[in-house]
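Chain IDs A, B, C, D, E and F follow the sequence of writing; residue 1 opens each chain.
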Amino acid sequence: MLRTDGRNDDVLRDIRITRGYQQWPAGSVLIEFGNTRVLCAASVTEGVPRWRSGSGLGWVTAEYAMLPSATHSRSDRESVKGRIGGRTHEISRLIGRSLRACIDLAALGENTIVIDCDVIQADGGTRTAAITGAYVALADAVTWLAAAGRLADPQPLSCAVSAVSVGVVDGRVRLDLPYEEDSRAEVDMNVVATDAGTLIEVQGTGEGATFARSTLDKMLDLALVGCAELNRLQSQALALPYPGVLPEPKGKKK
Amino acid sequence: MLRTDGRNDDVLRDIRITRGYQQWPAGSVLIEFGNTRVLCAASVTEGVPRWRSGSGLGWVTAEYAMLPSATHSRSDRESVKGRIGGRTHEISRLIGRSLRACIDLAALGENTIVIDCDVIQADGGTRTAAITGAYVALADAVTWLAAAGRLADPQPLSCAVSAVSVGVVDGRVRLDLPYEEDSRAEVDMNVVATDAGTLIEVQGTGEGATFARSTLDKMLDLALVGCAELNRLQSQALALPYPGVLPEPKGKKK
Amino acid sequence: MLRTDGRNDDVLRDIRITRGYQQWPAGSVLIEFGNTRVLCAASVTEGVPRWRSGSGLGWVTAEYAMLPSATHSRSDRESVKGRIGGRTHEISRLIGRSLRACIDLAALGENTIVIDCDVIQADGGTRTAAITGAYVALADAVTWLAAAGRLADPQPLSCAVSAVSVGVVDGRVRLDLPYEEDSRAEVDMNVVATDAGTLIEVQGTGEGATFARSTLDKMLDLALVGCAELNRLQSQALALPYPGVLPEPKGKKK
Amino acid sequence: MLRTDGRNDDVLRDIRITRGYQQWPAGSVLIEFGNTRVLCAASVTEGVPRWRSGSGLGWVTAEYAMLPSATHSRSDRESVKGRIGGRTHEISRLIGRSLRACIDLAALGENTIVIDCDVIQADGGTRTAAITGAYVALADAVTWLAAAGRLADPQPLSCAVSAVSVGVVDGRVRLDLPYEEDSRAEVDMNVVATDAGTLIEVQGTGEGATFARSTLDKMLDLALVGCAELNRLQSQALALPYPGVLPEPKGKKK
Amino acid sequence: MLRTDGRNDDVLRDIRITRGYQQWPAGSVLIEFGNTRVLCAASVTEGVPRWRSGSGLGWVTAEYAMLPSATHSRSDRESVKGRIGGRTHEISRLIGRSLRACIDLAALGENTIVIDCDVIQADGGTRTAAITGAYVALADAVTWLAAAGRLADPQPLSCAVSAVSVGVVDGRVRLDLPYEEDSRAEVDMNVVATDAGTLIEVQGTGEGATFARSTLDKMLDLALVGCAELNRLQSQALALPYPGVLPEPKGKKK
Amino acid sequence: MLRTDGRNDDVLRDIRITRGYQQWPAGSVLIEFGNTRVLCAASVTEGVPRWRSGSGLGWVTAEYAMLPSATHSRSDRESVKGRIGGRTHEISRLIGRSLRACIDLAALGENTIVIDCDVIQADGGTRTAAITGAYVALADAVTWLAAAGRLADPQPLSCAVSAVSVGVVDGRVRLDLPYEEDSRAEVDMNVVATDAGTLIEVQGTGEGATFARSTLDKMLDLALVGCAELNRLQSQALALPYPGVLPEPKGKKK
């Protein structure tokens, strides 16, 4: 049985990674997983939050948000509601945690990198697209800091990070679910992995149902295949030169 | 004396209008005034806010926001701060007011159109770009409603609306200021006008200085020239067919 | 055609300016434009906000608010709602901007003046009454600072500031609209001007209608006449001695 | 030993009660206890809060606030802070409770009276001045409702309510403390009483000290004397005719 | 006429005081007044709030809250509502004030003690139980600080503090009201007293009724009897050894 | 190598389950995992949230919170901060989702069960203790609803739910981590499972490190052993009679 968009169960949607999408941040990447489009920007500031100051360690954090117009029916703006919802909080924390797993904060030195992941268009898998794009933006921000001579150590990144969703839909284990599948999946799982094939985060949830251990195993197998393919596309995108003007050594903060 | 970007005083930056930028909203326009890029989405919902219900009149409102990564140094997210700033409120109100001046709310029928103007990249003139793009998104949303057979009256739009900034920089009256000029302008003015040459809104401010009545007159002259050119570009963009799939008459709400 | 209150189109309402209305602030003025009554208090504090500290420059800012009982039907308290509305924000920013245009912040030295404009009774034109009264309160606060020997320079005020509304009502351009006219005006404009006849701020809005350039010109003419008369009344009020006890030189902060 | 302002220990400050201070609310009273000035406005609305709807009972509630410029050094605006402080809450609740003790809510019918007590100038005793003034504003609002024919029963007020502070200062029990005494009182007490000499509320607090039962007794004696005098002044003020235009029977809501 | 729970009018409910209820805070007491159960924890931190820093004085403050499941029908969580209600504020302030009356803040030295009173089960009298239990937790925290050698002076506590409610129910003056009596009391009073028989706070309120001076006197008599009995139970509980491990002198902060 | 508390790697801490801890909620359970103590209360209300009304389906939701005094150093109260943190949101959502997996909402009928999980003392594993205790509270609430004759169907619970943490500490895979181990674990995982051995939720995170697929497998094996033991203890606790008074059929809501 083919999927609505014609893919086989183990195939990713079309993935597009556009570096240098915005002019100001040190890293700015538009990532597309099919119709899902997320803008991932990595902004560098000198210094670290007060609670970390003087430790010699840098800091990486992330904020996820959705444009009101990104969803099928318009969603209310969290700034207007005056509070951030539970889902937004949860995903922001997940992205930050995932990226911190691949960076040596001592090597980063006392610099802060904030990753903003803003969903321009949502069609399932926004959090996994965000993590995958955020890694590329982070890599560009690190290149920028290296050029500026502001790293404590030349290569703070220890591995590449990507993420993908898997789920059980119509009784079949499938990779990279669009909204149409996600909304009726019996089990839903997000996996964050490194290019060494190790895991950073695994979150699997039965949606009004429970699932067997063997199903979990199959989903993990498929997710790791997806992450490996995403790592390949990240490498390919990062093989091109930095998409903007790099600062001079000891350049002033951006 | 030429401007930093080589333009004459009375020339707009490069203007680009991309319709159909997002797939879900009835109107979705990316507008660019040079490096300023604003995504304007017009979402349609059936019915009107409670205080207006039963009046037979429709409603048009707008929300303006800036991505944190849109500005030279990253700006804090208003959803995280838990409140909307004065500037954001002011611009949202201005956009809504400007669009309501060109639409017959009785003809719209009891439908609500929310215009979201999200600044992707900021380089001066974000509010005027937002108004100019929002009109195009609004026109698409009206076309969508017409196709769905949901308008009380066939043509609710009475005129086209565009906006531009003018200012006094280096002692000269200049059109469409980028950030570099805007930040050091002595006088700053935003003008919203119709394609009939009439005015909707005029906001002129001395920035730590006052200005003569004659300066005001010159700025208005120049702004009206700019608005006329923007109207021409809007017409040109709207001459192309609707960039998505129109609903069937009496189609269900989008 | 006479106006409801019997005035000609180009005549202000009865204006009353009462200095020294409250005992604690350095400047405290009750201003009345007919039935509109606004209490304008200028409070002085030593030092400036942190972001300005060490610059040698002073700071002037304003907060506008309305008593719940000031309006025809009681309005909800913004402190109870837990957020300040867009209109309040907008007017507070306008008042602050207008006053900063007439004061040399270097001459003020590192002092902060906060102007609180609290509407006791609303009958149209509250923002223009607030600006006009706030200038008088500011002048008293400057006198107080001068007596205390705390100014960096003897006369930081470069001009006087007043404001008035004009509008098109029943097809006629009219000065200083009460609520009854304001609520049905086709065009509404607020003009802030100096006693030198120059402009600080011009805000004109079509209310569900657009307006011709020539209408704008007529409204500006009339507004400048009104502002000149208001400047005359401000001078007259300020010709009387300071309405309280002035501090001794190097006196302690108020 | 005389008090700083020359009064004997058992004498009130100069009390002034001005009815009809504002034009819109059904009752609007400026009350002054010496330099303490509080504006008490009673606004009438048809109907009651949802949780009370259909009960046949009316509702009376109060909101207390302080202008930023009312205090010796300017206090921050609670609307700007985005939350109401504990002291404000406490006093608002006290005022509401005190007034509800003197009114028969069944006789009031399904009408709501909101009493806004806004402190224009603070010099000690603002809450007791507020209660005393609020009663007069409430009485005017009841007269207004009676004229409009909207009461379920002709006389809903069962008694008059006034309040006064007493305290131990310099080892002496004193009546109606101004700020200078209040800030150094060892014991501080607020008493709300009726014109029948019965009590509604008694709140006594040792300020960093404890106090004997006999001291409490002396303070109560003195407070009841003060309340009786305040009742006399309320009657005197209310003996004059209603200070505005009364509605016609079955008149529309104010 | 016996009370529902069989007590005489002048008898307390069963009082139980359990020290050392939690492991982390320096003082942690579960106090029970019949079915009312309040957990009172006294946490010690080095230093004082910024506004008090350098004064040599310590600080004691309190926060009161109710578990949603503590009340007959579940109450909404204040953290979810995003704001603290008036009643919560009022009680928190009362507890803090009451405890500060019995402690010499200079002797405490620059330490802060925060008392958290969380109601586990509510059946009337939660605020008086909280004060009575909080005193015991405070005493344990002081013992802890003494052991750590962090007090400026050996014995900062000048007296013991307890509190009890009294009220008029069914026309009779009764001690320590459970919810069933409290909810229909005509007069309700909370009294905070010391073991020396002096008063700290007296708050009496007519609930939709007024009360005579003589009733107030009878309620006070009864409350003082109740407080004396509570003091006896506090002493008895504190006669046992400190229920945890005391720090070594100059031990690190807890 | 033994663990600090002497357990083997595959052994749970002492688990205690106390039903009927509070008197008002239909289910109230104190659960202890060693020193971690969580109070889980299940409150029943008739009807469902508005968005679900008329569907015939019931609703189960959860709120998690921590007493300020529960943690080693006191944590700030979220109600005072005015917003709920990301971690709190995340855990509340997890508990709700886990419980909804074991209940047939159609069988529940239009009733709402809110589960409040309040941490009295924290020593690692608060979220897994909360889920395990919440299931028991939920079972009691269902018994209560059955007795009241308010269920649409006699047995809405399809399975039992328990949860436990596992992690890699000192290079060893260990079950049910206390705070001392949790804070230095290299990998941390929470598993929610049913008494049928199927999974509801799996959340594994590398803490500043990544982990191999084989480690994940070992952690899952161990977690499922732990959950089975917890299920046994839940059954044992629920074998005792309902710890309160059950309502009569068609009894009024609790």
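Going forward, contacts are C-beta pairs under 8 Å (C-beta built on N, C-alpha and C of every residue); 3 or more make two chains touch, one makes a residue touch a chain.
Predicted, not measured: the structure shown is a model, and the values here were computed from it.
Q: Starting at chain A, figure out the least number of steps needed to reach chain C through touching chains.
A: 2
Q: Tell me which of B-C, C-D or E-F has the interface of A-F again, with more than half the contact pairs shared?
A: Repeat of the A-F interface: B-C.
Q: Between chain C and chain F, two copies of one chain sequence, what rotation angle (nearest 5 degrees) aligns their Cα atoms?
A: 180
Q: With touch defined as above, tell me whether chain C and chain D contact each other through largely the same residue numbers, more than half shared, or through different ones.
A: Here the answer is same, because the shared fraction of interface numbers exceeds one half.
Q: Quick one: chain B and chain D, Cα centre-to-centre, how many Å?
A: Chain centroid spacing, chain B to chain D, equals 50 Å.
Q: Where the CA atoms of chain D average out and where those of chain E average out, how many Å apart are those spots?
A: Spacing between the chain centres: roughly 30 Å.
Q: If you average the Cα atoms of chain B and of chain C to get two centres, how far apart are those centres in Å?
A: Chain centres of chain B and chain C, defined by C-alpha means, are spaced 30 Å apart.
Q: What are the residues of chain C that contact at least two other chains?
A: 82-83, in rising order.
Q: Of all residues in chain B, which touch chain A in the complex?
A: It is residues 22-25, 28, 35, 39, 41, 43, 45, 63, 65, 67-74, 77-84, 88, 114, 116, 118, 120-121, 254 of chain B that touch chain A.
Q: In the complex, go through chain B and note every residue touching chain C.
A: Against chain C, the touching part of chain B is residues 83, 85-87, 89-90, 92-93, 97, 100-101, 159, 189, 194, 196-206, 208-213, 216, 220, 224.
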